[in-house]
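Down below are the structures I want you to see.
Common to both upcoming complexes is subunit A, partnered first by subunit B, then by subunit C.
Moving on to the complex of A and B:
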């Protein structure tokens, strides 16, 4: 239990909060409704230049030749920026927390890996003149074989998207090509389950579609510093990313954020600031770089598309005894934040349920698609969609009410979660009960009486014996037809599960010793600061 | 090269300027041209405008209705005598777009836009254009077939005959996002009835071909018959004939072919 030292932090927290259930005015609402909120794009600086990038017309190609001679002579062009002009062209966002290898250039070198990848930047007096110069850049592509499917990308002999990760999978802890979760023996439990249901779930990329597109204005300031007005939703993250790419101390910049005109995760990638600042450095003038709407929609990073396979073993009485999950995150051509999404996803398995045998493999895969990034609960939302669809199908399979089925399998305080932490403050049972009540959905008395605080722990707190797995990657399963829609309703209603028989003493590979927060954080990401 | 804006007081002068400059584009409400300019379309160097009163005139008092090319959808909606065109006008964009978007501009809007034109095609409208050789009237079908080659012509007005009754003209736009989304498909049907039988049916489809087109096979299935279930089924099953839809972000060509008959059936049978 956290204790707040009120003698030191007297003003830190109001213990008399009474906010829930009351209308509270947002602090930025007055500005929004009166049209006075200021955005980065509201700054019109004297002598401001405009930057536009030439984007790849190919999804995967070697760059044979980039001819900018005609573009350089185009009216109003002040500067053409090439990859060699970027001090540290190669970067990966999470390198700031020592996670992952630098894999993405600000401007493409030798090769493009997705359609729309920036190749050269043009700085001109007006946007129009920049567009006219873009039309005069000649790029000689040598098309390469492409791969757009996550499972195809992992097959031997697939085209190598990103040479930093030659097997098209993000590498964790320098060795593992995926996140692995093992708890108990899922295969053995599946073999003895009354029903086994295997399903495939495929998500689509989702664009954040902000009203304000990504953009930044950078201007030379006094003492060799630069002031940067930006749409970023992660200001200090963007400062440090720019400092790394431009190879200067971060106090070179004065970043001014403000109202973000719609973020949702789509404005953490720091796509416009480094080039805008570099252009300001190279020209000595203020430079504005803002995505057009089509750029935002087509090349701005989306939520990645996940492909998820779930194989569950369930008993006739409704107890889920095994859950086996394989998930592929389509990261697109570069890592951005998908590596972290896979970590979050693995940490989330098997959902808010106590299942004695869990087996999870989560891959972060590179394909020739637009790089994906953060978006509202990424890593978890898609998996939850798949898990909850699966829960409905399982309830149907065993002839149980879906609400009661969830209460039966819900985790309770004191249960051992698959990643070997004790479940605390669980409240799924109560949530389902309230949802059922509000929806006037009848559930039986015993389920109305269930509580997250009762009947947890004990044998449910035990870590089951967990066999180490063989090295080989499992073969791709075939999509199984669900009997969801045509299954006759089963009337047998059996009592909720008895607690499973006590299992032999745990053989946890790592003792769950409490450790310092920062160390724990870096261990989640896989690369400790050394 | 900067973009030049030229404003003329007469439509004739604007038409002359438009036909003499290949990089010129006429700006009506700007919902298409300004978008293209903002997105970096460097093929446009000259923007032509005309503040000729004739372009914004509405003549809706008689059986023949004429709308100036510069009439906005908001004005169509404000005109009680144009009630038969309210459904298509209301289906376009949001209030901001309807305040700016014009009847003339809609004739040039590519799929998934151009819904009002679908209605005009079903109503057998006539398009008055001014080109390098003076003004002339063109049947809308002919106009649309040659739309890609119409860059140098200025549309002055559109006219059509008022449908005999509200039942005789029907319109339906299928969108994923309501009320402002682009069309998956758009349907309009003009069904004049004479002695209990349909005479001169015209069915128009949007997003089922590179331009708005007529569903001639469906029209033939209706012609000379009463609008009963069997006739409607025959028309619905013929809806895809002669269409060539394409894939876009709103729907695949396959999907469009699958749903067009379903929606035509609902349109003809008066279902919501």
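Moving on to the complex of A and C:
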């Protein structure tokens, strides 16, 4: 059962609150237990048609010819939707926050980039008749070389998966092919460490497998608008994405959602709404487009695979002195949300530990696999899996208890994190202590007495001299602003970026404190689109 | 396609519909009768979201031919409330936070009802066995098991 350990950090908290810290009933509980919660699929509309898509049988191929003549004559078929019918058949989800280039069509145009990519949509009186028509569509593929491995994809001469990113890597700020973190001199510290441990970690894609599959029902409303029942986890995101793809104002739509039969990140990609609405526009009838279980498992976007290399330097007394990480996030054929996952991944380095020398390179890579998307801590989860496996191995290497080893290296209040931000409200030490207590795992007195609020800061708050990378940095464009950024109070608070030095200096001084949100999130916002 | 007339009891009420050959009970209940409480999750008998009781026995309606329900009594979550009052199982699910997204809940409740109707004081292991065909992807099994045990009035331990 739930246990709140209010004894820890009790003086930092006001427990005299009305709601926080107290159990409360879910507002949707009565609907759930009586079966009256209304999921998108529980709406039955008069004259509803059913949409199904023809999916690519190839992982990478040019589309020579798409023959739908027989399918058009198939019983119950009302409409066949081709790529040319989609008003704006190129999108990327995060373009709504000015991040990334449009790189994914709703229906494939001249090429397919992963097995299962939608090519043609069929709208029929019943699902069964839609399936029968799908079997009659003839597609002439010209197979292209495929790449399924993140490191292979980055090699020169690898097949180009997505022409928007010809080097198979997402490009940040128009110039950077990866996310980079430099703090101190990891190579120098590795050279003098008592032990060096280098390991490779690989995490596979994971399907969310929600019990309710992705889907939407779109219907013409009586006022010229379209009502859309949807399973989306990101309703307003979906509204705007549909408005963009269908090239209409977003107030064309009345989206109804919020009751989601399990999402876990797998229902943020707006995969079914645009085609369902387009079909409703083209037929004037309500249209339902829902993934079957096989579609959900095979072609629904998974948590992306990650490959992570960690090289750590550790001293005999257990202190980690250097952590060098190279990570590859497998985005699949399109960006979706993986560019953001790589940012999160880099931002998480080197884990919740104070390590004086950190070196991180994180790549968002395109391959001919199913496009990846959000899933419960994506970008961080796999990195944590790798880091914590590594922590156990390091503890073993220096002959320390793994719990004590974590407490020794844990960050504490006042420490400088690798991102040049002071660690505040840290709690890893207390978490480990409670975990040890619960597991009846003995730890020594000095580690039982350790505290996140003691022994941090001081020399641990110093930003070490950080050598620049050997090659000259390409010039980055001026910091992009978003529409909701506050203007800086004075122009002098944000000086123009200095041109890159001609030769790498031995060390760089502590950078100026960020002046506003745009700088703080500068690594998130890439190309400005509009 | 010719249609077959089909009569059965649905939550204590006689219903008569016409079904196409091959129609499963889930489609008959949802699309022809309009009872949306059984859910479609997989259509392959893997998830239990479509669970209903036929003559008191738990069945996966997605794998049950509608015609096999002829003359029998089909119970769904829609018939669980006792008038305006919640069934003890429903109350126990709410009190124990045994629903998150709610999509597996109709099937879970039917599996729980099938158990308690024949075994009013199950052990924890028997509860686990009874819901073993029902997937909760929000992974709320502990709360669900506790709710069923609470409804049974006992807090049997494993």
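The rule is short, and it goes like this: the second predicted complex is superposed on the first by the 447 of 530 C-alpha atoms of A that agree within 3 Å, B and C clash if a C-alpha of one lies under 4 Å from a C-alpha of the other, contacts with A are read in each partner's own complex, and residues count from 1 in each chain.
To be clear about the criterion, a contact is a pair of C-beta atoms (placed from the backbone, for glycine too) under 8 Å apart; a residue touches a chain by one contact, two chains touch by 3 or more.
From a predicted model like this one, the values you see are computed outputs, not experimental measurements.
A.B. asks: Where does A:42 make contact in the superposed view: on subunit B (first), on subunit C (second), on both, or on neither?
C.D. replies: second
A.B. asks: Using the superposition on chain A described above, determine whether A:52 touches subunit B (first), subunit C (second), both, or neither.
C.D. replies: After superposition on chain A, A:52 lies in contact with subunit B alone.
A.B. asks: Counting only touches as set out at the top, which of subunit B and subunit C does A:210 meet: first, second, both, neither?
C.D. replies: In the superposed model, A:210 contacts subunit C only, not subunit B.
A.B. asks: Quick one: is A:401 in contact with subunit B, with subunit C, with both, or with neither? Answer first, second, both or neither.
C.D. replies: So A:401 meets neither subunit B nor subunit C here.
A.B. asks: Looking at the overlay, does A:293 come into contact with subunit B only (first), subunit C only (second), both, or neither?
C.D. replies: A:293: touches subunit B and subunit C.
A.B. asks: By residue count, which of the two partners contacts subunit A more extensively, subunit B or subunit C?
C.D. replies: Between subunit B and subunit C, the winner on subunit A residue contacts is C.
A.B. asks: Between subunit B and subunit C, whom does A:85 touch in the aligned arrangement: first, second, both, or neither?
C.D. replies: So A:85 meets neither subunit B nor subunit C here.
A.B. asks: Identify the residues of subunit A that lie in both the subunit B contact region and the subunit C contact region.
C.D. replies: Overlap of subunit B and subunit C footprints on subunit A: residues 292-293.
A.B. asks: Help me check something: in the complex, which residues belonging to subunit A touch subunit B?
C.D. replies: 52, 75, 126-129, 131-132, 134-135, 292-294
A.B. asks: Would you pull the subunit C residues touching subunit A in the complex into a rising list?
C.D. replies: Touching subunit A: residues 30-31, 34, 36-37, 39-44, 46-47, 49, 76-78, 80-81, 86, 90, 93-94, 97, 99, 101-106, 109, 135-138 of subunit C.
A.B. asks: State the interface residues of subunit A toward subunit C in the complex, per the touch definition above.
C.D. replies: The contact residues of subunit A facing subunit C are 25-26, 28-39, 41-42, 44, 208-213, 259-264, 292-293.
A.B. asks: Using the touch definition from the top, list the residues of subunit B that touch subunit A in their complex.
C.D. replies: Residues 1-3, 37-42.
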